[in-house]
Structures are given as structure tokens and as C-alpha cells.
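Each chain carries a letter (A, B, C and D) given by its place in the written order, and its residues are counted from 1.
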Amino acid sequence: MRLSLVLGLCGLALLIAAPLALPPFAMTLLTELVILGLFAMSLDLMVGYTRLVSFGHAAAYGIGAYASGYILLNSSTPLPFVVILAALLTGFIAIGVGWVCTLATGVSFSMLTLAFAQLLYAIAFKWTSVTGGSDGLAGIPRRPGPLGITFFTGKAGFYYFALACLIGAYVMCRGLVASPFGAVLRGIRENEAKTLALGYNTRLYKIAVVAISYALGGLAGALYAPFAGFANTELLFWLLSGQVLIMVIVGGSGTLIGPVVGAALFMLLEHQLSSYTEAWALFLGLFFIAVVLFAPAGIWGLATSWLGRARARAEPEGVRHG
Amino acid sequence: MTTKLRVTRRAVLAGAGAAVASPNVWTSARAQAAGAIKIGIPAALTGPLGTVGQQTKRGAEFYAKVQNAKGGILGRKIELLIEDTAGNPANCVRKAQEMVERQGVKILTGLTLSSEALAVVPKLAEWDAIFMSGINGDGRLTADSFVPNFFRANISGPMGARAVSLYLREAKFNNIYALGLDYAWGHNSVQVFEDEMKRAKKNFIGKVFAPTGTKDYSTYITKIRQSGADACYLVLQGDDNNAFLSQSRQYGLPDKVALLTEIVDLASIKAVGDDSLGLIGSSRYSFSYDHPKNKEFVELWRKEHDGGLPDTFEGETWQAMQAIQAGIEKAKSTDTEPLRAALTTVELESIKGKIKFRECDHQAVQQGFMVKVVKKDGYNTPIPEVIATFPGERTTPGCKKTTYDD
Amino acid sequence: MLGLARLYGRGHSNPGLASLRRPMSTLAFLLNQSVNSLSQAALLFFLGVGLTLIFGIMRIVNFAHGALYMLGAFIGYSVVRTSGSFWLALLLAPVLVGAAGAAFELVILRRLYRRDSHAFLMVTFGLALVVSEAVRLIWGPDALQVPPPKLLSGVVFILGEPFPVYRLFLAASGIIVALVIWQTLERTRLGLLVRATSQNAEMVHALGIDINLVRAGAFGTGCGLAALGGVLAAPLVTASHGMAGTVIIDAFVIVIIGGMGSFLGSLIGALLVAFVQVFGNYYFPDLALASMYLLMLLVLVVRPGGLLGKEA
Amino acid sequence: MVEAEAATARSEGAFAQTLLEVDSLTKRYGALVAIDNVTMRVSDGEVRAVIGPNGAGKTTLFHLITGVVKPTAGRVRFAGHDITRHAAHEICQRGLSRTFQLTSLFPEMSARANVMLAAQATHARRWQPFGGGSVFARARRTGDAVLEQLGLTDVASRPAGLLSHGDQRLLEVAMAMAQSPKVLLLDEPTQGLSVEETAEAVETLSHLLERARIAVLLIEHDMEVVFRLAHRITVLHRGSVIADGAPAEVKADARVQEAYLGGIE
């Protein structure tokens, strides 16, 4: 436990020190990884802790991105406020989405989330006056403020803002899954009928977790729009929903950190492989199959089990037997 | 077994680790080839529009090869950085940003989708880079979304629609319908076309839009049939275009309604074979265009590619590369500021004839032309044959506009 | 049907041209589009029934289904190209893809039955990527033409309105395959085995039947049906790389509307989706992107397990 | 038979108050009548067994009482309140806890976590999305006490899915007890246990029930168990009540002999 805490703090220190050492593009990439990691982590609340497998999590990302993009383009509200506002809006919309989707369970639940995401995709396509239609919103600025602070609009400043969002969300999620609420979520994950029989209104808990998960996914999307400077229908498309689900599973669901690692891995692999070969999708596919076969608990699960073994080896024989 | 498994697990983790830690992303620009002119091409090499991306790649690579053999530009070699975006704007922005921030690229070209171009354009000022479009047809790029570092060497969507309209003014068809893809390009082109038809006092009966990825075009074919139109204007591309052409032939639609399209390209003709016969449309580039520079290019191309013919975006990319070269030579520099100034005044003799970028919106004024798909001896697939040309002044829209006044 | 229809070959000049100038009657339109909906339903059914078979027997949601459908179309192209026979393609493509599917089950999926659904999700997603890329490497990035056989390339007239013979053939083949599957399930020992396995795999195992063989067979058959759909769709949409993406969601939707694991359900789902798409696109073209999802939303809100599903 | 007589003797004492009333309850599935006009009462401190051959409708009756299935007609009243149309979780919140015929646990959680989650359900702040130290502390106190009563302390930290079948059955009872219910519904608590395991489980249960003095509704196949634990017995046959009374009376009833005891055993 202490070892993981030390490693965690080291990792955090590295992330904080990154802008001092890394060249510009590495910072760009790292910022995108942080945003994508937040997105994957938000889905883990549903997939890993409640076994609510969403096929439509792009909806959260897209709503967040469009909302923050629209507000930034059409008002001078400072960036941090806009991002948080967009996240809240996403969570609010998700209450309705969750209410309908939780009528069903299992694959039907997954398909209902997909239906909502695709309907939003269709809306974004058609509601040109707000969403820009198929062109999307482009040239989204990073508005300064509050109090005239321009720090967040710069490259390093924006990175720190995104990192703060990720860490804040992580601390929140950790607290959530360790709370009485989190215990009920685990109950739903393992045996929903029993949880209901114990007197928990499981549907309310599920709607709540959908809303929280979407709000955090919306936070990620709300960061992406001013990061990339655009928001378009691609961010609502089912392909992204599939990809983020794969990120969660590759990293290791139900760990919060795993999905962040999975997101980083997914994006870096895709980015790097596609520089080396046009057949990058082939290798990415083979990699996923290999992970399933050889790392059942995901990459993070594999890494932590290694750490455990390494620590066991490091301890002297006498300690273990005594 | 356990040992073996453990080794394999380690391999998985190591492979993953290598990808993350792979040094080149985290470090600054690699050692540059001395004085080479770097041109970044983030193109959709894979995915549904892979055909277009691959054409761009072939066109650019061939241009670099030919020009480098002649000593490059200003005595400097052309170095192409071609990356796959899979047609996703998020990937495109990231790849373009990598080219700019890590590789020091100052000239971008060959972006495949308009959505990718629209995402990249607002970043050009920050990147201090020039973007020379060779493909992107979205009218907005030279209108609402125009930025000074953007140049368009290719024929835009509205220009294609205009060429078809000019052709129709003289043609015998009177009752006209339109079918477009349900996104910006389709709506934009159909709008231009509709206005044109109304001005030409033709009977514009109606229009319908199909989402991209439509598999069954029968309802749209039925609508066209029911409208009583004698000609239908199509703004389709890629898989949708192929599906429509195959299915409309199966319904016998072309027997009754003349089909006019905004883009005729060889890839589509190959994909639907004889189902494309009789199709009339504007063409952004065709190997059959009668111009000495083009003849020279086509000959060179066929020698290099086992007799294969250059397709639309191979020609368009070639022209975009010609424009970049002309700009650099005139500016005697690849720096953004002088290059931009030079490009706005340069006039060059390209494979499509004279082209010149307008100062106001950086659209290259060039001839528009209409082709018809016919069978011809010596070719094993149908080919587009030029049936009309229009001077650039007539096909180019008003400055920073997507519409026409006359 | 033939009472209403007159046959014309493709090359013939069209004596009915004058009659075409008449506005289409409502009845002719409805009949025409209904038959067309049947042809589209047939294509969806081939995908959906394979997906539901795999789900029923193995509880796997096969994300590679769209890629296998595309693979079928490209193999079909090559067979037509080399042998000149569309019929041979209809036979070979499903067999080859089915065999590949069965092999994948034997080598990879077999190791995963003790794991949760995440493993299957990712492994079939990986397979989809591998297959799609392999197709691009083998056949190149361009769309390829698969013309319908000569016999099927004409037009019939339904109440004076032209209708492609090929679509008539699609509708007929859908009906035939549906009947064959239905009879196999109801009347044969194999069908009994399939139904029993989809209800209770352990019990079948206890009866001394090699469940592994049933699984490999089911996965192979499901993949083969997807490939059959791909070959049949190719003359309509050409063999292209966009095929996989657009079709996988449709297949999921029809299966979920009908009820996961229900064969009759996938048939009803295919019919519903096809009719909604065809008539929806006609009457409400602006809703073309959304119509299918609205239908699914409606069905699942009323019946969370799908129309014929056991429960959610 | 000594136990049976003791049970009979106890049943003759007056019970404090009627807790659970089932009035003319009927459930039809199309033409099939699963539960047909069933009426019964369970009073505080009473252990009532529901017996009957397979398919008699015992588990359906439980589902109807606990709100998992809604009845076609009739009413269920609990402590004076009509709970017929209430949701399952609401009924449980009122103090009616149940076990399942097929063991239903959280297999990956420890036995203790299982019981704690059950106990947590009775806490007013069971949903608190942060912290929760006091909620957990109380759940742990309750849970550990119940685990000890049922002799599960030794296995408390093992994942529930890895416990022996007998311990799993007891753990389910423990989870129900951890909710301090007013009425406990046990659906075949010894189902699937060996003879020795059954004897042990019955011993534990009888101690537990004696000490708790709550109303219990028990479905059981094993007559030994029934006579050992129950004060009163209701016999269901094809959805209807065919006998109701003290164990000795029921045993002597001719219809019961014919329909159930004689017919099968």
C-alpha cells in the first residue's frame, strides 16, 4: 500500500513537472491524454463499478464539447466557468437519459445508451444554428478570466487546468466508490436482484451513477473543445463510444487509474503505429486480442499484480515465513 | 505453461510500455535533412475515404519524386511528411500539430475531409503555417471560415455546382431535381445550384438530402422518378455515389432522367463500371483535359504507374504542389509571411491551364469543365470525356462568397 | 406477382416509357416500396440472425460482424472476378468466412468462456480491426464492382412501376433462408440442439453433447450468414470499406428490437427496421438518421427485453 | 417427535399482534392460477411454515408478499399498512427481509461485506456519496454480531462465493437478520444441504429464532426441519390453502396426507 502511494506521488510529481521539461508537441499530446483519460475514467464508474456497459458514452463527451464550444464562441464567460457549466449541463441531461436507459438492463441498456448517443448525433447534424451542422464549431477560443487571469489560456496553463480536473475527478470518484453509495454500486454490479431485495432502490442509484459519469465525461468533452479548438459530430459518433469502452477494458475496469492508462495507451499506440505503417489497425487489433488473452485484468491489473510480486520478492525470506 | 504464459504477458506489457515510452514523441524535432522543404500531408489514408487519401499520397509523392530529380525547389529537396488521419478531425488536428510543433512543418496540404480542414484552419495563425488545399470543396473555407493562411488550389463545391448550372443553361432539360448528401457540402452545392436554376428560369422541382452511409437509395430514386424531372443534379461522393449509381441503373432511372453530378472521378467509374455510362458532370480534374501541360503530366504518370491514369485528386494534388512550388520560387523563401504574399500575386501555368489566387479569399481562379462518361477504344473501363469548358471568371463565386450574381 | 409483372431485359428499349410519364399511383408506390422493404429486410435478416445465433448460444455480442459482412463482399468480388459466377460467390464466400469464424472460435474464443463479457467485447472488436485492415491490404482501398448476374439484372413492372429483378431475388432469398432456418430449428435434431443450448448450455453438456462443437459451429454459421449478406449486398452498394461500419449498428438494433437470442425476433426486427427505414426516408427524409433509433427507443421502453426477448 | 411437541406447546401461547396479513391473494398467469385466494396471518414472534408439493405456489407467494411480483387480486398488509402495490425495496425498508431459494449473494465480496451491505440498507444515510465512516461502523457492528450468532465469524473475511454451501445458506439468513427485520421470510434455508449440514443449520437457526422472537415465514421441504422450527403450518396445494394449524393438527389432516405427505413420501 505504501509502495503504491509512493509511486502515485512520483507519477503526480512527474505530471506536474512535465511542462518544464517537455517540448511543445509532447505537451499537446499529454494534455490530450489527460482529457481522454478523464473521459475513460468517467465511464469506469458505470462499467467497472456498476456493470452498466454504455455503448453511447460519446454522448457525454459530445454534449460537453458542444456546450462549452457554444458558450465560448458566443459569450465572454471565462474558460474555467464554462467547462464546469458544460459538465453540469451534461450531468443534468444525463438524468433523463439514465431514467430511460435504466428501464432496461444488460445489452438492452447498452443499446439504449447507444440510441441516445445516435439521436444526439442526428440532432447535432441537423441543428445547424447551434451546432454548426456537419461542419461543427470551429475556432473555439479559450476565454481569459476570471479576474483577468490569463494563465489557463496558455499551453502550460491549460494543461494544468486539465490535470486539475483529472485529479479532482479522481479524488471525487475514489471517495464515491469508497462511500456507502459506492458499496451499493458494487452490490448492483454483483447481484442487482439481491441489492433490490435488501431494500435499495437500485434504479435511483443507477440513474445517479449515470448522471455523475456523464457529468465527468462532459467535463472531459468540455475541456476537449477549447483544447482542440473545434467540436463536431465525430465527437458524438458511436465509434468514439466503442473506443472509450475499449480504453476502459484495455486499462482494466473497476480501477479508475486503469482506464486512464488504457486511454493513454490506446491513443499513443494509434498515434505512433499510424506513423510507422498504414496497417496500424491490424496491429492495434492484434494488441487488443493479446491483452484479452494474456492480461485478463487489463494492463493496469497486470502491472499491479507485478508490483505485488516484485514487492513479495524484495522482502527477505524470513519476513515472509515469520 | 505458466512460465510461457508469464513471458507472453511480459511481452504484452513491454509492447505497451514501448509504445508509451517510445522516445520520438517526447523529444523535439529530429535531425532535419539539410535545408529540405517540408510539406505536411495529414490525409485519410484509411477509412471510408481512403481512396481519396491514397490519391493524394500518390500525387504528392510523384510530384516530389519528379521535382527532386530536377533538383527540388530553389535547390532544396522536397520532403513529404504523410500521416494517416483515418478521416477523423481529432486525429487530423493532432497529426498536423505534430508536424508543425515537432517537425517544423510550415506548409500543409492534402487534408481529405472538409471537417478536418475546418478544424485545422483556425489554428493556422498560431502555427504560423500555410495550408494549400487540393481537395477540400467546402465553400465556407473561402467565405465565412476564411483565414489569411489558407489557399485553395482546387475547384470548390460551389464552383462545381456553377459549372453544371452553366452547362444546363444551354441544355434542353427544363424540369430539374436535386439529390445531395446531407451535410455541409451537399447543402451548399444544392443551394448554389437551386439559385442558378431559378435565375436561368428553369423549373426547379425539388430537392432531397440523404445521410452519408445510406445503403438503400430506392426511396430517393422513387422521389426523383415521381417528381417528373428530366434531369437530376447529384452531390454525392464515395460509397454513397457508388451505391446510388449502381441502384439507379438497376431501377432503369437513367433511361428516363439525365443524371448530372458535381464530381466525376475514375475511382467511382471503376467501382460501378458500365453503370456510370452517360453520366454528365463537372470534373475537378480529368486526364482527358486538353492542355499541353496536362498531356505531358499524364504521359509521365502513365510511364511511372504501368499505364494507370491519374485520377481527380492525383491531378488536383499535383496542381496544389505546383502552386506551392510557384509561391516558394517567387518568394525565394519558405517563410510563411513572404510565401503568403507571393502566393497572392503568383500566376502559373498548371495542368489545368492558367491559375491565379484571388487576393481577397485565396481561391484559385481556374477553368471549370464538364465531362461525360463514355466508352472509348484503348481503355478497359469507361472514361470521362470533356464536353464543355467555362472560363474561371464565370465559375468562381463572388469574393468571400459561395454564391453568384449573374 | 407475375400476374402484375412484365419482364424486360436490361438492354431492351423500353416500350413502357410513355406509360412512365403518368404519375405513379399510390397503390403502385406502396406495393413497390413494400417489396423493396422486404429486400432490405432480407439483407438485415442475414446479419441479425447470425448475430442472434451467436448471442443465443455463446452470450457473445460479436462486434466483428460488420467486418465479416464486408469480408464476404470482397471475397464475393474475387470469386466473381475469377470464375465469372455470382452463384459460386454466394456459395464460397459464406463457406470461407464461416470456416474462418469457426477457426477463430476454436483458437481464441474457446479460452474465454469463463471470463466476463468484457473479454468478448474487446476480442471481437480486435477481430473487427484485424479483418477490416486485412481486407484493405488484400483488396486495396477502392470500392469494387460486383455486378448482379445477367439473369437478375433486368426490371419487372409492378403495377406499371419498374422494380429491379435483383431486389425481387433478395426478398425471395430472405424468405427462403428464413424458412430453412425455421424448419431446421423446429424439425431437426440439430435445431433442437441449438434451441436447447441457447436455453441452458450446462444441461446440454450434461447430456453428453460436445458443447465445444456446438459453439464453433454456431460462431462459424453466424459469420457465414454475415458473409452471405455481404455478397448479396455487394451489387447494391459495391464491395467497399464503408460497409462494415454502417451495417454493424443496424444489425445490433434489429437483434435488440427482436429480443437477443430470438430467431423469430431477428426476423421481425429486420422487417420493422427495413419498413421504417424505407418509408421513413420517403415521408420524413429529415429523420433518416434518427428513425431507426427512435424505433428502438420506442420498443425498448415498452418492452425492455425486446419484442420476443425473455426479459431485459 | 419431542421437538414437534415442544413446538406445538409454544404455539398455543397467545401472540402479541398480527404483523403480516395476506387477504384473498390471487395471482394468475394467463389461464394458470399460481396462487388462488390465499389468506393467512403471521403474528409477532410466530414461526409459520408454508409447505406443499412442488409447484404449489410457495415461492410465488413469497414473491407476491415481497413485491417482486404483483398480485392479480387480493391484498397484503404489513403492520397495518397496505403494501400490496409497493416496490420490492420499499417493502424491505418497512422491515420485511427475505432469503432466496437459490442462494443469492454478492460472490466477490467478503462474507462480512455482504452482511454489512445488508445492514447498511437500514441506515438513513445509506446512499451517502462520500465518507461514510459512521454508516460503515454501525453496519460493521450489526454485521459482526449477526455473523457471530450464525457461527460465521471464522469465515467473515472470505469471499462469499468461496464459502461452503451450508455457510452460504446461513450467510443469506445473516444478511436478512442484519436488517433487524420485523418479519423474516426464509425460502428453503436448508435447500441442497447434506443431512449433517442440515442438522447443524437447523440447530443454529432455532437458537437464532428463539432469541430474536420475530415473525418468521418459512418455506421448507424437509418435514423434520418444519416440525423442529415452526409453530404453525400452512399447507398449499395447487395455489390454495388446504390446511392451516399447529404441526400436530396438520400432520393428522386427511387432505394433507393425501395431497402431500402420503402422496409423495
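The criterion applied here is as follows: contacts are C-beta pairs under 8 Å (C-beta built on N, C-alpha and C of every residue); 3 or more make two chains touch, one makes a residue touch a chain.
Small disclaimer: the values here were computed from a predicted structure and weren't measured.
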Reference chain D; chain at largest CA-centroid distance: B
Distance from chain B to chain A - Cα centre to Cα centre, in angstrom: 35
Inter-centroid spacing, chain D versus chain C (mean Cα positions, whole Å): 50
Rounded Å distance between chain B and chain C, as computed from the means of their C-alpha atoms: 34
Centre-of-Cα separation between chain D and chain A, whole angstrom: 44
Set of chain C residues in contact with two or more other chains: 133, 136, 245, 286, 289
Touching two or more other chains - residues of chain B: 45-46, 182, 211
Chain D residues counted as touching two or more neighbouring chains: none
Those chain pairs that satisfy the touch definition: A-B, A-C, A-D, B-C
Chain B-facing residues of chain A, complex: 22-26, 28-29, 32, 125, 133-136, 138-140, 228-230, 232-235, 264-265, 268-275, 278, 280-281, 287, 290-291, 294-295, 299, 302-303, 306
Residue numbers on chain B that touch chain C, as the complex places them: 45-48, 50-51, 53-54, 182, 208-211, 213-216, 218-220, 222-223, 225-226, 228, 238-239, 242-243, 246-247, 250-252, 255-256, 267-268, 270-273, 275
Residues of chain A defined as touching chain D within the complex: 175-176, 178-184, 186-187, 190-191, 193-202, 205, 208
Contact set on chain C toward chain A in their complex: 55, 61, 63, 108, 111-112, 115, 117-119, 121-123, 125-134, 136-137, 245, 249, 252-253, 256, 260, 286-287, 289-290, 293-294, 296-297, 300-301, 304-306, 309, 312
Residue numbers on chain D that touch chain A, as the complex places them: 66, 68, 87-90, 92-93, 97-98, 100, 104-109, 113, 116-118, 120-123, 125-132, 135-136, 175, 179
